[in-house]
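Take a look at these structures.
What follows is chain A paired twice: with chain B in the first complex and chain C in the second.
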Partner chain A sequence: MTFPSESSVGDESRSASFYPTLMSGQRFWSELPFGRRHGYAVHVTQGPAEEHAEKGNMLFYDFLVLLDPSSGPLPSVVTVSFKDPTFSQSTVSQLISTFSWISPQTSKSSHEEAASATVERERPKEIHENLHTLLSEARDELFEDGMETNFSKALISLIQCYGNDAVEVLTEFVVSEQVNPEVASEALRWIGRVEDLSTQQSRLWLLGRSLFSASSRVRDAAVLGLASLNDPEAVLVLEAAIRREHIDELRQDMEQVLNQFRDISGVSFENNKKV
Partner chain B sequence: MAFLLRTIRKSKWYKHEGVPWLPAGEFQADALFDLKTESNRLSLWQVKDDRSNLNRVLAAVAANKDHPSNLDYALFNEDTILSLNLTLVQTDGESADNEVSVMWHRELIELSASRLLQLAKGIFTDAERERVSEANVLQLIARAVKAREIDLTRLKENIRAKIEKLI
Partner chain C sequence: MANKRKPPERPSQDIWQVESLRFTAFPTPDAQIEEPTWWKDLIGEPAERKVSAPKRRILQEEGAFSGGKLMLSIQPLRIDWTLSPSPSQQQELDALPTIGLVSDSLRVFSELIERWIQSESFPPVKRIALGTILLHPVENGKQGYEQLSAYLPAIQLDTEHSSDFSYQINRPRASVSGLADLKINRVSRWSVALMRAGSIAVGPQTVESVMGREHFACRLELDINTAADFAGSLPRERLPAILHELASFGEEIVREGDVP
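And now, the complex of A and B:
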């Protein structure tokens, strides 16, 4: 895919009314929770963008790709959603192949809404059912830090068996808040412990996203999951979460994890860059 | 006066500022799960007034778990117990450090529901609530293993593997 050169469209207002003025492929920048991001508008429509802006849910502007490969290791994509069926399948494929860090949830949306069957293979249907049952039954369990439960063992087995497909389905449940916050919290604590590089990015994404959950308990669990994952790529999103966090105790716990990442040998993230 | 330690989940004890629906001065009902009793007894750990055994108690408790994890705890003065007329006894506890299990385990006994609620209020009001990160927990356990306070072979596999890399 070729993009036009930057036209320096600044998003001063970040208002919903601004976005429809962007043209597809137009370069712009926006202030996001994890810092300024340059990007390209892929497709913009009024409705959903306005809805999300009103909710203040800055991580989920539909129809935009935000990227800047030079700005650090964190995936810069906010979200990519291709709900417009006229959006060509080949463009979706190009995007996903070009930007390997596009989140799994994004891929799923494109699959569902743009019928881009070739972009992603179909998920085994039993994952959703199994996870739904697992999350429902877990409401009756008592959780304690560091102690295995039937839920944690089954969740890890599911991820080991189905990989990113399982993490994607879990992401849908957690992000849409269809899960009891206590159960969601337990899931987030455990996904940070799974030792599997193939799902690391999708787990990182879910944990990073959950730092902005409406539930303080989910946010706390996301921090703990990130601490277990111990991936310094979470620095930018963690810094953003710290700026937004209004609970003093939780903010301090976030800072503790941020320091853990900064302490990882010889790596400093001044100005969001490894030096 | 010594302190008493109970492991908790900090997020269940957030105050009104962090939980909008919660009336000011009240605590979340889920916090009571952190004070789960057995036979109307509540397990606690005693920490000396100079806190000199705090890290050893934390290591002993954390090393008894299935996986490396953060450790959240509430630490409150024994005065809280005395002021509520609760009965505290020394009993053997379950931890990875035999001396900690024998010397510093305590139990509140004959707890009624209303007394437990009073205790929860006392903890909510007076306790220090702290978190030891997973990384620091591992360091504490490693130190205890080196000092022969904890037997490496008694640790669960997931913890033992990480401790072996640290010592």
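And now, the complex of A and C:
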């Protein structure tokens, strides 16, 4: 199963509706490579938000239960008592504290995905937290064109550390337009300057998508970011953005960057192929 | 000269049961996806459950389909259709949680996806993927490893004294769909899984977990996808051919094992 990733700015939007949920009485299946320690992974299913609100008794936490090998075979019945009569996150905390061998994990983290794989990956949680903090605190910073700031340094460092995962989380923040446009613009200008081929595609996607932002400030920054990225693959998305752009000055900026790419010797696009 | 034991024959591909099927489309940056009606258009009725977060550009819909549970998940970076066992299929204690045989399930799922990618409202996409998790029940771990050996000619697996075996490989091939620069990734991961059904009963002051019997199964995870480095969007008129190609590559791996 796949777990929807956290993809919002505020804690309030980490609602149960996007968390997988395990309902009381529901059967689950364990699945572990043969030979691993005794244990079982809880495969939880997703419950809708409205059910959660109505019943108030759904567990929205995924965890992997691992028994210590020395504890012998997995017992057929495990009973855990808890004090809190409301079935909630605190129940899980009690569950975990009662049995030290229960370690919270997601079922996705046990696999190393191939670079060419497309299955949705569990991203390190700290990326979301760090980026959220970074974007929130940056609202108080003053940005000057081309000047490094604490924000830009931290952002680049995050991308260098976490690669595509960091860019994808940033994408979710920017696309949901919950980031201050000034901060989003600064981020877009800087991600175009990062020299890292492994994140080129994801940065290109975010910059291209931002050409269609509702904020003209963000669209302007996306143009600058694309100019810095200097990747002729942006030709098609620039052409589409030019057709939609209603601010003359911005459209001219886009055309200028488009010409920059077309001028790159020998590169043009026909039938979606670089020629 | 030491006697080299002959690996078991590969059984028919229909010994493999489907735990889940997934089709993923990665929209291009300029794709405008506003309140899509794909579920209703394809299934013919509204979803049984729907969760929407318009600000975050997220929509999830799910309902019964072909005996299993179908889910549509839309996010800015990707759109996933997933077919997995229905709640009733998951309630089975003595059978693996699967939706059916690989050939039947793949055909039904592919037909659904083909209708979607041919629809007017299908967005421009940069990349598509067909993924599946397949299970082939075996008696025990050793038999599972022996069976896997038949699918992995490049691997010498000591079936008697091994555990925790997992083999993942990508065998990319050039697409024959008519797009000269398109490469298809053929990612497969092979292992033997130990599975147990269980249930959790929640009382006012207790959580009780009841576990069923153990099941062993060869596990094959496939992720057949168009490579990320393709420039621009995949031509709309070529998508059905590419989808068939992905399915065909998947079936070949199920039939022939890990071959270049």
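Here is the rule we go by: the second predicted complex is superposed on the first by the 148 of 275 C-alpha atoms of A that agree within 3 Å, B and C clash if a C-alpha of one lies under 4 Å from a C-alpha of the other, contacts with A are read in each partner's own complex, and residues count from 1 in each chain.
Going forward, a residue touches a chain if its C-beta (ideal position, glycine included) is under 8 Å from a C-beta of that chain, and two chains touch if they have at least 3 such contacts.
Quick caveat, the model's predicted, so the values are computed rather than measured.
Trainee: Would you check which partner chain A:Ser228 touches, where first means chain B only, second means chain C only, and both and neither mean what they say?
Mentor: first
Trainee: Quick one: is A:Glu177 in contact with chain B, with chain C, with both, or with neither? Answer first, second, both or neither.
Mentor: second
Trainee: After lining up the shared chain so the two structures overlap, which partner does A:Ala240 touch, if you call chain B first and chain C second: first, second, both or neither?
Mentor: Touch partner of A:Ala240: chain C, not chain B.
Trainee: Between chain B and chain C, pick out the one touching the greater number of residues of chain A.
Mentor: C
Trainee: Answer with first, second, both or neither: which of chain B and chain C does A:Glu186 touch in the superposed model?
Mentor: After superposition on chain A, A:Glu186 lies in contact with neither partner.
Trainee: Should A:Asp165 be classified as contacting the first partner (chain B), the second (chain C), both, or neither?
Mentor: After superposing on A, A:Asp165 lies clear of both chain B and chain C.
Trainee: Touching A:Gln201 in the superposition: chain B (first), chain C (second), both, neither?
Mentor: second
Trainee: Looking at the overlay, what does A:Arg209 touch: chain B (first), chain C (second), both, or neither?
Mentor: second
Trainee: A:Asp145 contacts which: chain B (first), chain C (second), both, neither?
Mentor: Touch partner of A:Asp145: chain B, not chain C.
Trainee: Using the superposition on A, tell me which residues of chain A are in contact with chain B and, in the other complex, with chain C.
Mentor: The overlap between the chain B and chain C interfaces on chain A is empty, containing no residue.
Trainee: Under the stated contact criterion, what part of chain A meets chain C in this complex?
Mentor: 1-2, 4, 7-8, 13, 17-18, 22, 24-36, 40, 42, 45-46, 48-49, 57, 59, 74-83, 85, 87, 91, 95, 111-112, 114, 116-120, 168, 171-172, 175-178, 201, 204-209, 211-212, 233, 236-237, 240-241, 269, 271-274
Trainee: So in the complex, which bits of chain A are touching chain B?
Mentor: It is residues 142-148, 182, 185, 189, 193, 216-217, 220-221, 224, 227-228, 246-250, 253, 256-257, 260 of chain A that touch chain B.
Trainee: Which of the residues in chain B end up touching chain A in this complex?
Mentor: 7, 9-12, 14, 17-19, 30, 33, 36, 62, 65-72, 129, 131, 133-135
Trainee: Considering the complex alone, what residue numbers of chain C touch chain A?
Mentor: Of all residues in chain C, those touching chain A are 20, 22, 24, 26, 28-30, 32, 49-51, 53, 55-58, 60, 62, 71, 73, 75-78, 80, 82, 84, 87, 90-91, 93, 97, 126-127, 129, 131, 141, 144, 162-166, 168, 170, 172, 179-181, 185, 187, 189, 191-202, 204-211, 216, 219, 223, 225, 227-235.
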